[in-house]
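Below, subunit A partners subunit B and then partners subunit C, in two separate complexes.
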Partner chain A sequence: MTVSNFPTNEDSEAREGLPTEPRRPSSVRRFGQSFAMFRNGKSITGLIIIAVFAIAAIFAPLIAPYGPLEKDYDALKQPPSAEHWLGTTHLGEDVFSQIIYGTRGVLVVGLVAGVLATFVAVFVGVAAGYVRGWKSESLSALTNVFLVIPGLPLMIIIASQYDDPSIVLISAVIAITGWAWGARVLRAQTMSLRNRDFVQAARANGEKLLRIITVEMLPNLTAIIASSFVGTVTAAVLGLTTLAFIGVIPITNLNWGTILFWAQQNGAFPDFWWWYIPAGLCIAVFGMALSLVNFGIDEYVNPRLRSAGERARAMRKKGLSTTSGVTEVRATPAEDPQP
Partner chain B sequence: MRFILRRAAFYAFTAWAAITINFFLPRFMKGDPVTAYMAKHQGDFNPEAIDSLRTLFGLDSDKSLWQQYVDYWGQLLTGDLGVSFSKGLAPVSDVIATALPWTLGLVGLSTIISFALGTLMGSVIGWKRGSRGDYVIPFATFFSTVPYFWMALIFIAVFSTQLGWFPASHAYDKGTVPNLSWDFIGQVIAHGTLPAVTIVFASLGGWILGMRNMMITVLDEDYVTVAEAKGLAPRRVLRKYAARNAVLPQLSSFALALGFIVGGTLVTELVFSYPGVGKMLLDATNAKDWPLMQGLFLVITMAVLLANIFADVVHAILDPRTRMMES
Partner chain C sequence: MTTLDFRHVTKQYKVRGAGDMLALDDVSFTLTSGQTIALVGQSGSGKSTIAKILTQLERETTGEVLLDGAPIPKRGKGLRAYRQRVRMVFQDPFASLNPYHTIRHHLERPLRLDKVVPSDRVDDEVRSLLTRVRLEPDAVIDRRPHELSGGQRQRVAIARALASRPELLIADEPVSMLDVSIRLGVLNLLADLQRESNLGVLYITHDLATARHFSDEIMVLHHGVVVERGPSDDVILNPQHEYTRALRDASPDPDKHFADPSGPASSRS
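Up next, the complex of A and B:
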């Protein structure tokens, strides 16, 4: 791909007279289009599940029947009942209320870590993809170093250096160990965009670097940015609950991992199943919702994934086998040489 | 040759970066638990141990940072990682050496089993797309997001406490001294099965999904259609054309996901009280045993790095292109 077909910088006067861009669709429609990657069954299912958790977190005081640390000494280690939907802990705390309030800790850390990590990933990834030579190589090497270094041991060591790590600190540590994957994918995509005609044209037009990156490239990267954000949030939720379960995070930061930590510390296993099953299920279901969103984005980016199952089923209905290429040639049902 | 040099340079750089991070970590520490500990137990240390700890934790602040860094490297190259506070001031390298074989055996074996099994299942599911195999996908999705430690807890509750099939914790029966007898090997297998199954189960889903998606992408390529049109046996097309190409990205993601998997398996060790590196790291954290934590982080990172080199070599063997051109 060369730039020779495009007007070069010399005729700048002529360029200024021309309309700089073709007509664009209205801003409302463009805004709607940028969410096209979420418009499929998998993404919507995932988003609905996430919304349910978000509502639970925001309206926790209204939904939870008790305070998260409210103790009822008459009901210790009770199995689920009408009064305590998910039973009680060894101190008579309501497990259901703890889970509702714990959603807050999970969502806040997931969101903050996800946003931080995505910012770093976009910055490093796009820069590494756009610049060339040793700058690109060194940014890429930095990314690879952070990919290889195991995150959890690093998190454990940093978090344990503080007696009372704040939520922001925990999120920052998770973000530091979690940005590299997104940066790597973004770099690859930016490198491929850099050589496309429209970017070459923008560069030939003498547009500023910042404008090329924000206006020409970023809209084409939204799907990958979204997918790397969702991926980081998943990793952050797993990281946070793991740290809480180990006991590195102070128990004042209530989340699902903290519930499991208390359950293990107080001998809930294996008899008091209501204490540890729901919290773990919440982590798994929330993680699955995030994965579903990401699968939806994957299928939007790579349509082969979307249609593979449907096409195969349609072929099978016609009596054709997907695993034999000869049949694929027969577009119209002709007489079979072999019944 | 150029490829090998490039990769070697990358690994050398990563190793250097990891060691340097390890050097700076304690220097960012707030407060100074090490000085406090050393002041309290002044008499217990021999002078050499104090010297090496001062270098490791940047307590020799009368020296320049560069000098500290040089000393630190000198110490690492002689295998001196300081002494462990919680293990009776034994050298950290000796303490880690007792835990490393257990982790290498458990994590290494179960990760390889999981990768091989998941790749195999993924390629078959991708090959028979649209068939009943697709029902595996939702389950794989669910299991790929379940935290390792929670699955370990559930497995213990079901298979150990309820059914009594496997022992719930430790690597061998209490009171046994590790030796090379059939009895001891049997114990190790009996104790290791449940943690291994947990790790395989928890990581299997990701491999299945990754391989399935790669297969579906590869199956649309022209060379697969040509191979089919030539009338090659489907099995041959699956193995030599489709799966052979789909496994390459799978291998790269194996190398990259390793750091993440190792994190999960370390916590699994804690749940099973398995005497490996992960449990040792968490014990060291609880005991505020800084030298041991530092040493363990270094060893874990180096192990992941070695596994990456291994994956790279396999990749180069399978894919002639990487050997020819720059990555």
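Up next, the complex of A and C:
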């Protein structure tokens, strides 16, 4: 670089387009930015529904009119009434109170299993994505094995080995069968991140492997980790209620599945609808709420989904068909400006 | 005086199902501080492989790379010490900065990693680095890469490369992703910085015109082989190898443009 400088517009370029006063993002604002993926209609709707269930679980003793196992022998298998909003069971227990208390079991197991499975998924997925060769292949094979193992039978086999499995054990069993999907998605995403220049630059600067993964790569994977977490929580809730319904989990663990178990044991289907429909609805609504959160994250990660939806709405407003293959010409072109 | 010796280096990539691919075939050159060598060649000629071997992101298959006569340590502190002395500016400023982190993070990391300054002076050093690359520290320091223009990002990338106070700098097509109007600004900046700190620069490019203006020596790489090397003007004005001639004739020549009215300029009107 021996030749003298050419006059350029470098100074104007270097200072272009920035407001003069510095804008310092506060730590609160940076924290808020980490949750940008939840800032859309679908996610917020889902989070509100989940919050309602969480409040019910936390304040169960205040909300539920009776204890979950409190028996009222004067009212057996009663339909909904003023005293028992959702009717009673064959022992005169209040179904509404059981649902409220049952939310606790569902949320705790869902949360613990989700956290455990996400940890395993992040560890295995990111490691499999970052290393190369046989290490990556064997981790990937392990993931695939857990993917093809049918989850429910495995859960039944493990859970039935214990007479009185604790909540943590149940969560762990569900987590073991539920981490593989997240790991697979994370592996693919990590493989694409690994070859990005900013990761190469960190390597060339001499950053340690652990720091490259945790500081340079993981923040760019937050949305996918969040979505994998929500997915495993959904699977955990479904797994827990299924296990409870088929009677593998002891009845002392009260949750929505246990209600269904007792309803089925005592011939509630199909006449005593108040006994089983609310619990079934709760499972469905909770699952829907989690899926809504996930759809929201998906739209955040993949803006094409978002803009496709908006474009379709805008076209329908104008009376255009979104499925037509040909774009309609809406305005007559101006005079052809031939050169 | 720092000297980097690239001696008889060969690099073979294993390609799945297609046998081996020879990316570099017995390449040798020497880069000393204060000197600028341009490495010219088309895509796939092995330019970036040389950069990757120099930063040890890839290992050479045979041959050796010597810094001041000593081979590069393959791991640990020695490798980090080598990387502190030889830094690289990546081609694409849109990809080489982490979208999640602020400019402050990008410049602080190398300073803390190589303990260039005591930790209470890191902030001052970050600001002085930004000033060196002609950026307004207060305006950019807490921003993220996507809030800056391409030219500004490449300046940040250059500042990051300079943070560890290297003696040699590898610039892998530093301006090819930038707007034509700001390329010269970034190249002039590189030239200034080189003069200020007596850096040795390996300027990798496919643009013969800038190679001629900014380097003492040009090396032409073709299919992993150095086909021609010499002082810049000699290589451009009097190319010996057929490939160099083809490369020169392929690049637009501003002189021809003015001399010949029927040249490429006329088609634009």
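Throughout what follows, the second predicted complex is superposed on the first by the 290 of 339 C-alpha atoms of A that agree within 3 Å, B and C clash if a C-alpha of one lies under 4 Å from a C-alpha of the other, contacts with A are read in each partner's own complex, and residues count from 1 in each chain.
In the analysis below, a residue touches a chain if its C-beta (ideal position, glycine included) is under 8 Å from a C-beta of that chain, and two chains touch if they have at least 3 such contacts.
It should be emphasised that the depicted structure is a prediction, and the values quoted were computed from it without experimental measurement.
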| item | value |
| --- | --- |
| Partner chain(s) touched by A:Pro219 [first = subunit B, second = subunit C, both, neither] | second |
| Touched partner set for A:Ile156, first subunit B, second subunit C, both or neither | first |
| Which partner, subunit B or subunit C, touches more subunit A residues | B |
| Touched partner set for A:Gly133, first subunit B, second subunit C, both or neither | neither |
| Partner chain in contact with A:Ile283 - subunit B first, subunit C second, else both or neither | first |
| Partner chain(s) touched by A:Gln200 [first = subunit B, second = subunit C, both, neither] | second |
| A:Thr234 touches, of subunit B and subunit C: first, second, both or neither? | first |
| In the complex with subunit A, residue positions of subunit C that touch it | 36, 55-57, 79-80, 83-84, 87-88, 90-92, 95-101, 109-110, 113-114, 134-136, 138-143, 149, 151-152, 155, 157, 160, 164, 181-182, 184-192, 194-195, 201, 203, 213-216 |
| Subunit C-touching residues of subunit A, taken from the complex the two chains share | 1-3, 5-6, 8-11, 13-20, 22-25, 196-198, 200-207, 216, 219-220 |
| Footprint of subunit B on subunit A - complex, ascending | 141, 144-145, 147-154, 156-158, 160-162, 181, 184, 234-235, 238-239, 241-242, 245-248, 260, 264, 269-270, 273, 276-277, 280, 283-284, 287-288, 290-292, 295, 298, 302, 304-305, 308-313, 315-316, 322-326, 328-329 |
| Complex contacts: residues of subunit B adjacent to subunit A | 10, 13-14, 17-18, 21, 25, 28-30, 126-131, 134, 141-142, 144-147, 149-150, 153-154, 156-158, 161-162, 213, 216-217, 219-220, 224-229, 231, 234, 237-238, 256, 258-260, 262-264, 266-267, 270, 281-282, 285-286, 288, 293-294, 296-297, 300-301, 304-305, 308 |
